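Please find the structures below.
Heads up, the next two complexes both have chain A, just with different partners, chain B and then chain C.
And now, the complex of A and B:
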């Protein structure tokens, strides 16, 4: 027999609080911390983006959307975006090609893999500043070993590549240092992905007569999509924000040929103290990064749904 | 031993840090000649200083935070022991990279605070720093101090240290650009004959910028020091962050340029600016690889290692290139005025004075009196001289009394001609030199122009295009900061330059290359 339940009458605090108030209470501390650490600074930044604010001169005028209009028209920012795009495309291709090859090579090693992997990941353990200093030495035009090695490979004593001063080469100095520093990270993620693949899948495919290429194409690669996506997303975000190597190696020079968006934002906001405009540019960067990450996730989800 | 000898020995001992200031005073007294030594050896003000020393200074028992940059802690270390004993003051040094000092200080000042009791900064930043510094003049009067600024050369009494009528900073380093050359390159008969045969002219230290280019072209790729290796023609520093601008400035001023006209229209893209940049572009093939990313040390080292026969550089190079630990050309270095432009029968020279360093006391310091007294202690003429003579201090003279030829002869007793040349070049350069632009937002004006000059040097733009773009951006900066206010500040500097005979002279650039 069904029992009829009669709601109990609310008493005291229960009248004021929402019905399932604990749902809001438990995550509240986290939400407060999030608001303090993330939402408040962004909201503060959005506010300043509507002002012409020179920190050192005490100038603070409301100018509405002018900073945004200026950012769209800013040729230097566009040029910096183009620098980022070139670095991103070349670096990602290099990092993922080399990272995948090295991950496959390490995966195929049965004895001593841990030692080799540990050695290959040394660049990640080195700070970016140390990497920058090391590459400044390695790429010295006259005394750097890189020009010497390239020279020897070309059958000459030395080649006179001005890695930091020549406008055609300077961007390559950033790409090389960045790939060297980040590629082991990609390798490590892909290697972890490879190790996680169930061996029985390979064995079954081998029984069916699959060769190495088929094993890679039809088993490894599809199952590496997840790790590849994670690594791609993280590296993309890092490369959009690229600042430290630029600061250490070229200072954005010569002229502005290696000036990335982040470096330009640093100059505008923290060298020239045009805080309002600098904040606007950094909001652009934030939106761009968020949009790219979101788009990538959507694409991946759709593909997974179709599959 | 004569009083003069006693004086020389004592000064040498102080300079070499074999004798600290207190012992110097004691020893001077012991020979019964303290006052006469001080009065005779150094300017009369020093005698008064000696008397002032007799009254016990206040003891503060604090540690002062000093923002000295990477370059200048040695200045303060020279007398740190005495300061500790006299005032009970210790020092803690923060050695930020020079290019980051402005940014760090400004961020703190904007929030109404400072981590430092004494800050070092470039005089060009004075418009931005001055509102945050104590008035040293007023406090000197209150505390009965004497900074002896009447002994300072004009430019250091005015634009380097004074803002809107207030004395807010003291000079630490009188930076200036000089011309250095390798005597082997210029004096060896084989080079002289070859140069005569190639150009029809006598080989000499370049007097004009056209000669500078011609000599660089001649030496480049030639084994001019006969060590079996070909060398480069010249070296400059063009690293992003101001260097390309610094090395362009002396050429620009020599061709009759100044920063703006009286209505604040930029003159950097005038014929003077374009000509200066064309000169700079014409040596691109004669400099060592990597010059586009050379800062000050790389350019100096290329010269001191014998890779290039000439360099325009700061006066610290005069001392360092005579030091066997840092230089391979100790016996062959020569110094001259930075080249200029033919102006009738004379050479019109306007060397740049980049950048200079001064020190001030932030209003937000909790040890203002101690900091002001310490600065005054270091500003006594004999200390200024000792600091200028100490190669480790990286500090160039700015007092008249610091150009005492005998003190500099003692610096290089084996090469008195060089010592005399150094003093003479320094004095003339400070007399004719043009200080940095000194208006609010100076850093932005300079960095924008620097990037455009760099674009021309790397072949991305023509000289005219690069400077037109820089001038357009200068106008934008002026508008953003407020044209009327900027014009007010520029007019101050414009009038100060005019009073020293520095005016726009378009006719000097009309000759063509």
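And now, the complex of A and C:
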């Protein structure tokens, strides 16, 4: 109810504190929690990175910078980074090619678009864990349907691909599951971008005699740059963090050929409980992520300045 | 001339629809496979070639999850619901005031926004190991509180980011009017802004619920016997040595998919903006 009141006198604290100080109370709980849960663990990580600390054996010995020296020379970590890079490159190419083609296809049809989009986006509704589980079942070498379907497409009964046990194929099981899971997301963002493009541009270009390839190359593609960039950024972030699918599908195996950086850090720290080295590796990952975030922000800013 | 034009247009439509059909088949197949596996008899799970269209169905696997004692899914289901719900309420409660002040007064300016986004980019594994050590000292491992706090690291920034976008569209005149009428800012926020923004808040809350529901890494590392969620049950069942756990594993996956499925149907409209973090400027 509306109610008239006399402006109150300034009392006690109000005289000391800056004007509008209450504003800073609103974000305070969230900020305190985030700071406690992000800065505190990082400080912890930095402290333990100077120790040789095995949780299970109860050893804790100060060793200075040895963990850092080890991390620099760590072949397995380098290999894990390489796994990440390969997954990122292949997945991004596949996701964006398929996502763009499907978005264009959805955009071009007139009948049944809503239903088709809903069916195509089924993977979004399924969590990463469930995706992993589904592909574990589908990719079973002898009983899973995937090998039989590939066989049919090649005119045979069956192909003998050991998706999780073969060192050449294991990484592909990760790529396939992650592309399946993420492609509809890319498609949705691109489709939203396509729908937002002004129809009159196409009409005008058509009157000028432009073919459909020209329409795509000179109108759709330039105007899709924004959505493409957003989708690219978000997918890149997800793929760098990649952990769940590795845990569910291959556990980094066989012979560690599918270990991503996240999985390796988890493995060292929480499987072997080699805590000191684990936190050192996670600090490396942190610096890497920050450098990348910063670079991407710079690119975004420059893009905005140009636009 | 016209007929040839019509012909190529038809042909193109056919190609486009065929392509979309293949896409739909690929998108839906794993989902179909999981659902049918959960209803198939165990003998159909391991047959060569696989049974694509089972002729008889059974509720046995669901029965094993609930009625019998060997795999009791109820505690896992309960944990999933309790954790996701607590996490949702907690994150929304601390994010609403934060998003309000950040968008209305632009506190912290671009730096705050950058920090929020970077928080979202951190690989969880970086924090998991130190958190595990800290929680060990505080006896927070294997507790609801510990997991809810851990979820808020990644949910908080997401919720604030989404809510800020909604607050920016909210007419400030309404708040100013109620301030003139003598209510305090907090009262205005709770009694006037929040009811008007209820639909948006519900959407953000559902996103938070889903992030908690889908979590694997935190419950894997910071959880324990008393806080195992459905996701952990799936993993345990599928990694179990016996072939008999294949069916219950599929049934658990179906149970785990259901809430996200229903919620996403409700949120169709907000999906794109939500997934792209409330439309990062591009």
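Here, the second predicted complex is superposed on the first by the 260 of 307 C-alpha atoms of A that agree within 3 Å, B and C clash if a C-alpha of one lies under 4 Å from a C-alpha of the other, contacts with A are read in each partner's own complex, and residues count from 1 in each chain.
Criterion: a residue touches a chain if its C-beta (ideal position, glycine included) is under 8 Å from a C-beta of that chain, and two chains touch if they have at least 3 such contacts.
Since we're looking at a predicted model, the values are computed, not measured.
Visitor: Of chain B and chain C, which one touches more of chain A's residues?
Guide: C
Visitor: Contacts for A:102 in the overlay, against chain B (first) and chain C (second): which applies, first, second, both or neither?
Guide: second
Visitor: Give one of first, second, both or neither to describe whether A:142 is in contact with chain B, with chain C, with both, or with none.
Guide: Both partners, chain B and chain C.
Visitor: Contact-wise, after the overlay, does A:237 reach chain B, chain C, both or neither (first, second, both, neither)?
Guide: After superposing on A, A:237 lies in contact with chain C but is clear of chain B.
Visitor: According to the stated criteria, A:126 is in contact with first (chain B), second (chain C), both, or neither; which is it?
Guide: After superposing on A, A:126 lies in contact with chain C but is clear of chain B.
Visitor: Return first, second, both or neither, reflecting whether A:59 touches chain B, chain C, both chains, or no partner chain.
Guide: first
Visitor: Scan A:256 for contacts with chain B and chain C and give back first, second, both or neither.
Guide: first
Visitor: Based on the superposed arrangement, let me know which partner A:176 touches: chain B (first), chain C (second), both, or neither?
Guide: neither
Visitor: Kindly classify A:80 by the partners it touches after superposition: chain B alone (first), chain C alone (second), both, or neither?
Guide: neither
Visitor: With both complexes superposed on chain A, which partner does A:270 reach: first (chain B), second (chain C), both or neither?
Guide: Both partners, chain B and chain C.
Visitor: Check chain A for residues that touch chain B in one structure and chain C in the other, and list them.
Guide: 142, 270
Visitor: Can you tell me which positions in chain A touch chain B when the two form their complex?
Guide: My answer: residues 52, 54-57, 59, 140-142, 160, 162, 164-167, 250-257, 267, 270-274.
Visitor: Hey, which residues of chain A end up touching chain C in the complex?
Guide: Its residues touching chain C are 2-5, 20, 22-27, 29-31, 33-34, 37-38, 40-42, 44-45, 48, 98, 101-102, 105-106, 108-109, 116, 118-131, 133-138, 142-145, 148, 157-158, 180, 184-185, 188-189, 192, 225-227, 229-231, 233-234, 237, 240-241, 243-244, 247-248, 261-263, 265-266, 269-270, 275, 278-279, 282-283, 285-286, 289-290, 292-293, 297, 300, 303-304.
Visitor: Within the complex, which stretch of chain C touches chain A?
Guide: For chain C paired with chain A, touching residues are 13, 16-17, 19-20, 23-24, 26-31, 33-34, 37, 45-50, 52, 94-95, 97-98, 100-102, 105, 107, 114, 117-134, 149-150, 152-153, 156-157, 160, 181-182, 185, 210, 213-214, 216-217, 220-221, 231, 234-235, 238, 246, 249-250, 253, 256-257, 260-261, 264-265, 268, 271-272, 275-277, 279-282.
Visitor: For the complex, give me every residue of chain B touching chain A.
Guide: 103, 106-107, 109-110, 128, 238-241, 288-294, 440-441, 443-444, 447, 451-452, 454-455, 457-461, 480-482
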